[in-house]
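One chain, chain A, links the two complexes that follow: it is found with chain B in the first and with chain C in the second.
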Partner chain A sequence: MNTMIIDGLSYALPLLIIACGGIFSERSGVTNLALEGFLGFGAFTGSLFVALTSSWFSNGSTVPMYLAFLFAMLGGGFYALLFALLCIKFRANQVIAGVVINILSVALTGFLTSQINSSVFGEASNKFQLGVSPRWTVPGLSQIPVLGAVFTKFYPFEILIVILVIFINYLLYKTRFGMHLRAAGDNPQAVDTAGISVAKVRFTAVVIAGMLAGLGGMCYAYSISTNFSPSIYFGAGYLAIAAMIFGNWKLMPTLAACLIFGLARSGAYQLVGYLKLSSNYTNLALAIPYVLTLLLLIFFSKTNRAPRALGEIYDKSKR
Partner chain B sequence: MTETIVEMRHITKRFPGIIANDDINLSICKGEIFALLGENGAGKSTLMSMLFGLYEPDQGEFLVRGQQVKIDSPNQAVALDIGMVHQHFQLVSNFTVTENIIMGVETSKRRLGIFPTVDLKNSEKKVAALSEQYGLEVDPRAVIEDLQISERQRVEILKMLYRNAEILIFDEPTAVLTPQEIQFLLQIIRNLRDNGKTVILITHKLDEIKQVADRCAILNRGRLIAVRDVSQTSTQEMARLMVGHDIAFTLDKKPAQFGEEILRVDSLTVENEEKYEAIRQVSFSVHRGEIYALAGVAGNGQVELADAISGLLPVKSGHIYLKQTDITQESVRARNLRGLSYIPEDRQSVGLILDFTLQDNLVLKRYFQPGFRKGQRIKLERWQSYARRLSQVYDIRSANGIQTVVRSMSGGNQQKAIIAREIDQDSDLQIYVQPTRGLDIGAITSIREKLIQERDHGKAILLISLELDEIMACADTIGVLYHGSLQTEARAGELDMETVGAYMMGAQHE
Partner chain C sequence: MSKQKGCRPGWFLRLLGYKKTQFLTIPLFSILCSLLAIAILILLIGKNPLTAFQSLLQGSGWLPKPNYAAGKSILTDLLEMLDAYTPMLFASLAVALAFKAGLFNIGVSGQMLLAGFVTTVLVGYQDFPAGLAKPLVVLLGFICGSLVGALIGFLKYRFNVNEVVSSIMLNYIIQYVVGFFIQTRYVDVVSRQSRTINAPARLTLVDVAWGGVKLRLPLLFIPAILMAVLLYFYLKSTVGGYELKAVGLNRQAARYAGIKVGKRLVSSMTLSGGLAGLAGVTYYLGYYASIKPNELASLGFDSIAVSLLGNSHPLGIIFSSLLITSLDKGSTYMNSTVGVRQEVSSLVTGMILLFSACSAYIRYKVDDSLRLSLAGSEGTAAPIQRKTPASGSGKRGKNA
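After this line comes the complex of A and B, so read on.
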């Protein structure tokens, strides 16, 4: 039980921050299938930083990890600029642009990782090795039955994400920028006549989406694999989209969706271990969150309402 | 005369294939209600959109308070204290009234000394105060999608006032309102003037101009025809100037020659999308050579009834017979082919495909028929000749002929296109819902004449309208719908306007 909650949270929270990226983008009116690409490129940038600077820091220092998160956000944001340019400046179809961005990200990071490994470090590898993230336990609180698991053996990034999500809630719902962003996803004409640039708002939203997804990718690189490799593209971006849709493009329901996915996954792992099934079944267990998504979407898609102007390329002259 | 606040000099604006405004010179005085009158497509919206910075004129200049100004964005217009309520409201549907009003000019206060937060509380107070001052009743915290059209319009007006607009432009504000709401709005407009605002009112309804406007300018096909003092000009003369020729205010109509029964509706009950019984146990029939007019206040089941007869909405119980055949379960196309034409209320989303060309819209009910295709291939030449013929016969005007995208056409010509398509089916039953809504006098008269002409050709016409004068002018038989039931039914001669009005408000049949 404890392990299920601990693992579930460490899987769900990065998923949440990626989904938050999706919320930013889509609430501003830009359909975003590119989260997978953003998170991969972000994780790549952060890991590259760690690989290049590993000699600067003493062994076991956590500073590179925190810097890696920062660089992952920068990298994800930078890569998202490309997507924003395609969708907003060049008015590309957002679905196609998203798919292209994802494919390009896999190809580009794979190629660059191998190239840099061979030319800079002189070794043949498609991975960047990362340090091991510390895990924290709050004394006292962790002793509470069941709930204590929340305060047990969590990754530092989990705290970071919780703080960020509170900040995102503030940004989206309490600030002028958040108001303009949500308005742009509902009625861009109204935003325009209010004297606010729809393009600017959406551009910013997409770049923030890239930063958040990049951070989420980096978290997975530290928690699931302790290295950066092409296996970072295991579908978290798509699952985050599902969580966002299931969460009706709102923060709290999206959090709930992510928790369900996370717990379903860790629960399935536990089950495979408990039943002493062969490791073949682990793959099957891994599919559970996705199957669950499908089922949930079938039941909940009726009551869901996407932002009204989602996917609409804004054209001033259209009456 | 008092002080001039806006002056236009030689304003000219061209769109591809059309001159929307041709060398317009106007001056508008401070504190007056200035009406801009003209048929659909005359260029009224274009002219005022330029004053509001949505378009830039190709030639000419604007002077505001005597200063020559270049208005190239709505921001600039707002800075000059100009505000505009558009024909299509510009509101964010999931925001509250206050959030919509303050968008773009929000004030923030700092939470915990650092986090700037939009100050909704104070803004709500300000909005409430403004709405009190001008009699614009609306709850500052209500969410837009829960509001009625008239309330949304008030939000748009508050939006201008919140920005301290002095020059208020209304683009056909009454087109979407009921008669009571129109009176209410006109009173608001008077209030605004009495508070020192300058109001520019775009409309093609003469009686409204008569009621509120001080002066009026008349546009026709992009040209300024005249500027008149309203109190010294008759409605007839304004109509003549607007249309460019004399028009009859009464219709020429021979007595009806009733023939066999074409449509019979038998104890029909229809549920709307919310599973509410919008039509309950309604029975009536329409004959050849008869115009059967259904009167009623909006939302009493008219749309559902028409949708059920045409096959867009399923029937809960009861039957519909077309020429003695039960069509209750038939598909829309089967009904069309059997002889049913439908001119729907919502012409933009039900009647037309806005992003298709005029040609493609005109062949919508024909393209699958022999002669319009060869196997699975379409016969484009046939489409073209057909569309060309219809637009000629029905006088549909558009910038690029039959290849014009329908979205860019004026409302009147969009409606003409639908009517052309439907009448040309030569159907025995023709259903018209609000056929003249939002159109100008010229177009209204020609559509009503068309209706009567079709009746005289032996068609059965079902006319559903919210406008009592349209019902009285066209009907041979009048039925009144109230809360989904047929309240009364009688020959047109047996009912006068007051009686029908009373039934519409729910008076009982003795």
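After this line comes the complex of A and C, so read on.
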């Protein structure tokens, strides 16, 4: 039970922050299928930083890890600029641009990782090794039955994500910027009439999406594999999109969706172990979260409503 | 790019601006731009881009290699490339068809995998004669794919489930469930893949000896091309195709026009899934003869891009798939001969897609600067000339 919650959270929270990126972008009216590419590129820049500077820090230092998160956000945001440029400036179809950005990200990071490994480090490898992230336990609180698992052996990034999500909630729903952003997704003409540049709002939203997704990607690089390799593209971006749509483009329901994914996933692993089934059954168990989501979607999708101007290129002269 | 456009309303601009050939010149311009960008990259690594591109073409059978191993020739390479091309074409057509109906079929890989798996088990492992097995594989593959497609379409129509999400979910479900069955029942202990299917069921004839070389013959290559042509006419000159496009362009308007939107959504997704199923059987029971468990074919996702490069036009896709498959197949040879990493070819693909995503913008810019320069040459030639060079990659206001 405890393991299920611990693993579930460490899977769900990065997913949530990626989905938050999706919310930013889509609430501002930009369909974002590029999250997968953002998270990969973000994780790439973060890992590159760690790989390049590993000799600067003493062994076991956690400083590179925190800096890696920072650089992952920068990298993700930088890469998102390209997407924003395509969608907003060059008026490309947003679905198309998203897919293109993903494909380019896989190609680019794959190429750069191998190239840098061979030319800088002289190794033939498509991976960047990262250190091991420490895991914290809060004494006292972790002794509470069941709930205590939340405070046991969590990754430092989980705290970061929780703080960020609270801040995002504030930013989206309590500030002028948040209101402009949401309005840009529902009624961009109104935003324009109010004297605010729709393009600027959307640009900012997409770049924030890139930063958040980059952070999420870096978290997965630390929690799942402790290295950066092409396997970072395991579909978390798409899953985050699913969670976001499932959460009706709102923060709290999206959180719920991410938790369902995470807990169902770790629960499935536990179940296989508990029933002493062969490891082959893990596959079957891993399908459970997705079946569950599909069923839930059937019941909850009726009331789903995407932002009204989602996917539309803003045209001033249109009514 | 800006250099070429910077010259006076020159031949280049006029060529790009010529409306009737723009469907061809603009994509070609995008491809040229990306090749240029990649050439610079290869130069930076310190390799010769020309030999790199040459070896790409050699590897995919367009140009002869300097020497061949016994039993191989340029035809071997070409046919192998076409063997990989067939599923790519089917998959891209699947994406394009859904796209025309305003749907986004991101679940092509899942539909491919299910079709491949079901036909492998039901036909591939049985001892049917070739005359029975091959048509059965094609038929079953189509049915399997279309069932998944129909489910996605039905969920969209009946329960308002976003098709992107349901396809992604189905991708994972299919991937894991098929992986489970392969690993528990049909696994080959040595290769860790599913057992190889029996030869009669395979849609590619391998090791066909012809003129002293061994070739592989993709049986569905010509049907795939025919399918593209058929789809072209379906979309262009049938009621069904018209309604499908109308639904894709504006669902509300289509409903007012008396088109049964739900029916069209489901049927186009069914057909799209069916095409994806055909891609699955030509991939898993043609190009390969076994299935790797727990992995979705990346082809399913690449096909989205290929379809977009072809402007979701069935005839355009014939060529865009050819281009992307050639780049992909030639990359191994490029790696071994020139020493340029294999990943470069996917980078080329990515760049081509990047530029073609901007094609609408390029077209707009070309038309714009052409208009300006024409106005300039008719009236006061000198002063307006200054304006044209500014048209590089966008220095104007967002809605210029």
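Heads up, the rule we're going with is that the second predicted complex is superposed on the first by the 316 of 319 C-alpha atoms of A that agree within 3 Å, B and C clash if a C-alpha of one lies under 4 Å from a C-alpha of the other, contacts with A are read in each partner's own complex, and residues count from 1 in each chain.
Just so it is clear, a residue touches a chain if its C-beta (ideal position, glycine included) is under 8 Å from a C-beta of that chain, and two chains touch if they have at least 3 such contacts.
Just so we're clear, the structure is a prediction, and the values are computed from it rather than from any experiment.
Within the superposed three-chain model, A:A236 lies out of touch with both chain B and chain C [touch as defined at top]. After superposition on the shared chain, chain A has more residues touched by C, the comparison being chain B against chain C.
In the superposition on chain A, A:K89 contacts chain C only, with no contact to chain B.
In the superposed pair of complexes, A:A72 makes contact with neither chain B nor chain C.
In the superposed model, A:A213 lies in contact with neither chain B nor chain C. In the superposition on chain A, contact of A:G195 is made with chain B only, not with chain C. Interface of chain A with chain C (complex): residues 33, 86, 88-93, 95-97, 99-100, 102-104, 106-108, 110-111, 114-115, 199, 235, 238-239, 241-242, 245-246, 278, 280-281, 283-284, 286-287, 290-291, 293-294, 297-298, 301-302, 304, 306, 315-317.
Chain B makes touch with chain A in their complex at residues 54, 73-75, 78, 86, 88, 90-95, 99-100, 103-106, 108, 111, 115-118, 407-408. For chain A in complex with chain B, the residues that touch the partner chain are 170, 174-176, 179-180, 182-183, 186-187, 189-196, 308, 318-319. Here chain C touches chain A in the complex through residues 45, 104, 106, 155, 159-162, 164-166, 168-170, 172-173, 176-177, 179-180, 183-184, 293-294, 301-302, 304-305, 308, 341, 343-344, 346-347, 349-351, 353-354, 357-358, 360-361, 364, 394, 398-399, going by the rule given at the top.
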